[in-house]
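Chain lettering (A, B and C) follows the sequence in which the chains are written, and residue indices restart at 1 in each chain.
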Amino acid sequence: MSKQYKLTASLGDQILRLLTLSMAIGVLVLMVWMGWQMFDTARPSIQRFGLGFITSRVWDPVKEQFGALPFIYGTLVTSFLALLLAAPIGLGVAIFLNEMAESRFRAVVGFLVEMLAAIPSVVYGLWGIFVLAPWLKTTVEPGLAKWLGFIPLFQGTPVGFGMLAGGLILAVMILPTIAAISREVMAAVPNMQREAALALGATKWEMIRVAVLPYAKSGIMGGIMLGLGRALGETMAVTMVIGNRPDILASLFAPAYSMAAVIANEFTEATYDLYLSALVEIGLILFGITLVLNFFARLLVWSVGRGPKGGSIV
Amino acid sequence: MNDIFRKYQNWLMLIVFIIATIIALIPLFGVLGYVLKNGLSALNIQFFINLPKAMGLPGGGMANAIVGTLIMVLIASLIGIPIGILAAIYLTEYDRHSWLSTVVRFATDVLTGIPSIIVGIVIYTAVVLKMGNFSALAGGLALAIIMIPLIIRSTEEMLKLVSHSIREAGYALGISKGKTILKIVLPTAAKGIITGAMLAVARVAGETAPLLFTALGNQYWARSLNEPIASLPVQIFQYATSPYKEWHQLAWAGSLVLILMVIILNLVARFAFRSRSI
Amino acid sequence: MFRKKGKLLAYLVMTALVLILAGCGEQAPGTSTGQEKVNLTGSGSSFVYPLLNQQIEEYRKQNSAITINYQSTGSGAGIKQVSEQTIDFGATDGPMTEDQLKAAKGGKILHIPLTLGAVAVTYNEPNLPKDLKIDPKVLADIFLGKITKWNDPKIAADNPDVSLPDSTITVAHRSDGSGTTYIFSDYLSRISSEWSSKVGKGTSLSWPAGLGGKGNAGVAGVIQQTTGSIGYLELAYAVQNNLPYARIKNKEGNWVAPSLQSTSAAAANATIPDDMRVSIVNAPGTDAYPIAGFAWALIYQDQTDKAKGTALVNFLNWAIHDGQALAEGLHYAKLPANLISREEELLKSITFQGQSLLK
């Protein structure tokens, strides 16, 4: 091998290394740049309203008053409703697929559940408008009002479009995320754990409860948080069914608004800088929340890979 | 007594999990069923070759939206896939455990979790306002930003699966590190990387939110990449929220086409490239 | 394997090129006049969208080199995007304010009236007749959320012959920035001091009650999907969707339904200033429908691209002349003849480097 060859090879090496390095750093820069871009555009609103932006419930473009509370409220209520429904079901799916189903069945059902995540948001929205909302209005909401009407959550006129519809659509959309990550962390539980539990005479459920779930607990929590992250930022499907009204009402039947939906609806139409700035500030808040949420979620998911967390027997 | 209780409890819980799985699949079949039922009846050859008609008139199609989606996804792929793969190479081949890699990995995860509408905002302020018009390029760029972290994650996973002995064999033969990566490691993981790329493409093909303020929409053909352009998801959104029966029909038909595109990409990615030859 | 990937990429690129070329080839059938191809982008008012859309289609038949992409994004967006210069022209049915005009980045913006339209108060309640009478004060109370049942005594007072259902009223309104909202809220502000102080007028409002829908089409969608709902729509949207619309008591005390005649009647007595920004809500005249307004095209007086500017001015000139023939079929009132000549003067004042573009 000649000296010259070695030199060119190492030059090419250097170039490849630098190229990949710059792309990796580029990702970091991209994240910081996006945050900065938004902060920069949101600055007039931040300076004008300060922390009051988060606590004010007035969203009045005519009087130039902007408060994000109704959107934060709508986003949180729909997202937590979605979690309440999707977390147990997603976990159930993961347990069924990982611990019970035969391998061929597992592949098919697993693929189907993942397909839920593949369906575009706008298609869910279309379905929400023409199938889900009318069904809620004529069947579900009157039923809930009749049987659970003493709870403020289920009072009021059934409209179909509202927080209940938003929460249900979101539940469907985040279910695959929760199921997939729960499966992943459960698969990481060493088989020895399971065998040990079975050898002690545990039933299958006891094995799951004692040997699998405690081990995977923090990872599952991480999966649920990632699901929450997806719910918070979901835009189109929610916009199409939530009713788009910036107000804070107790009833789940009531129309509301979410942070992402108000951006989608009003962003291109904000006719003056402060209005635009206020919308971008909502985006910035959303960005901040997803940042923090992802940080903790990844921490939890990663921690499962590191080692067992002993669960107490019984 | 206690044993019987445990047995019943066991059965009960197993049934609960089966029911959970069934509940999870109901919306899938609900959505697919309605899209098929309503979409098929509206789908005809005109749909694929005609431009949209003025509202209320029958016979319009979504040809420009289909092409628009393909063009923007292509732009996104041309930008996003190389960047993603290169960044992933750095993370696995050059610097697997340093603090920089950890931070970049975290940034990647955060980017994956960022709502797509935020990408739309950023591209609007940074590109659309600066260039002075809505365009296919801006739309493609927004989709690329969504693709990059997805590509990095999947490529990184695939590269990690390549065993060290293969790399060491390369070095032992006196092949430089760069060549080893390009000629040995990447080809070994190629199937997996392509699978990841196709899944990322499937994901962004259905994105609506980032296109609202970047590609805008167009009822005609866009003549250059520097013009507003139609896309399937945005068009479906506009049609779905309209009051016209004809447009609802088109929205269902458009959804069917979009879902088929996405599902076919998923199926091909998963089954044609499934055997990870490592 | 690596080579294969390169091939795959090459195929993809080639397919895309073919598609793009195919797209270009198809876009303007029969264009061989040697005329320069121009693509214009506009956005804004959904109020004027049905008319503008048909005018564009019609104009394209005669001038195949000119393609106009108009997106119905809402008047607020029309104003904003014109100010930001991200589109070639905007359309709005709420005139730009002084502040907005000052904020425009490309200099002076002209308002060119495109058509006249009425805002209909529509409802979806199977048990109600086609032409319910609604008093202005009652209308304000409904949209303020103070009247919540269809059989409220205040509604019954004006409709003695109708047996009103005991159903809940759901208000439907625009969720986006809208000139239709502007006209509607402009009207409510005139007739209700409570509305004026609590809500005010504008393209986007803080709504006291109801469900939001995006665009006129979105609101029509919400109304159709929701029984018991009431909302406001551009008349063409109400007619095309077979939605019933209410008769409103006008300034002279007559019950008037929205129609071409009643809309024209509202414009007949208005004095229109030189900059064309005028409100004709609650207009005098026995037959005048009280919730009506103009829709304007927004265009910079000083154009920066000669080809685009020429095409745009020519199209607008066509739209206010020949294009008006399409208006009545779509339930828009024709522009008054004396106004058209004044608009022509305005169009002639549009220049590229000091040269008038309209020949």
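By our rule, a residue touches a chain if its C-beta (ideal position, glycine included) is under 8 Å from a C-beta of that chain, and two chains touch if they have at least 3 such contacts.
Treat the numbers as computed from the prediction; the structure is a model and nothing was measured.
Taking the CA centroid of chain B as reference, the farthest chain centroid is that of C.
Inter-chain contacts peak for the pair A-B. For the pair chain B and chain C, the distance between C-alpha centroids works out to 36 Å. Inter-chain spacing, taken between the CA centroids of chain A and chain B, is 17 Å.
Chain contacts: chain C has residues 43, 73, 213-214, 221 touching two or more partner chains. Annotation for chain B: residues touching 2 or more other chains are 182, 241. For chain A, the set of residues that touch two or more other chains comprises 129, 268.
Within the complex formed with chain B, the residues of chain A that make contact are 1, 9-10, 12-13, 15-17, 19-21, 23-28, 30-31, 34, 37-38, 41, 88-93, 95-97, 100, 109, 111-116, 118-127, 129-131, 172, 175, 179, 203-206, 208, 226, 229-230, 232-236, 240, 260, 263-264, 267-268, 279-280, 283, 286-287, 290-291, 293-295, 297-298.
Contacts from chain B toward chain A in the complex involve residues 6-7, 9-10, 13-14, 16-21, 23-25, 27-28, 30-31, 34-35, 38, 83, 86-87, 89-91, 93-95, 100-101, 103-104, 106-122, 124-126, 145, 148-149, 152, 174, 176-179, 181-182, 202-203, 205-209, 212-213, 233, 236-237, 240-241, 248, 251-252, 255, 258-259, 262-263, 266, 270. Of all residues in chain B, only 54-56, 64, 67, 70-71, 74, 77-78, 128-129, 132-134, 182-183, 186-187, 190, 194, 216-223, 227-228, 238, 241-244 touch chain C in the complex they form. Listing the residues of chain C that touch chain B in their complex gives 1-2, 4-5, 8, 12-13, 16, 19-20, 22-24, 26-27, 37, 39, 41, 43, 49-50, 53-54, 57, 67, 69-73, 84-87, 213-215, 217-218, 220-221, 223-224, 237, 240-241. Taken in their complex, chain C has these residues touching chain A: 43, 73-77, 79-81, 83, 99-100, 103, 168, 170, 175-177, 199-207, 210-214, 221-222, 225-226, 228.
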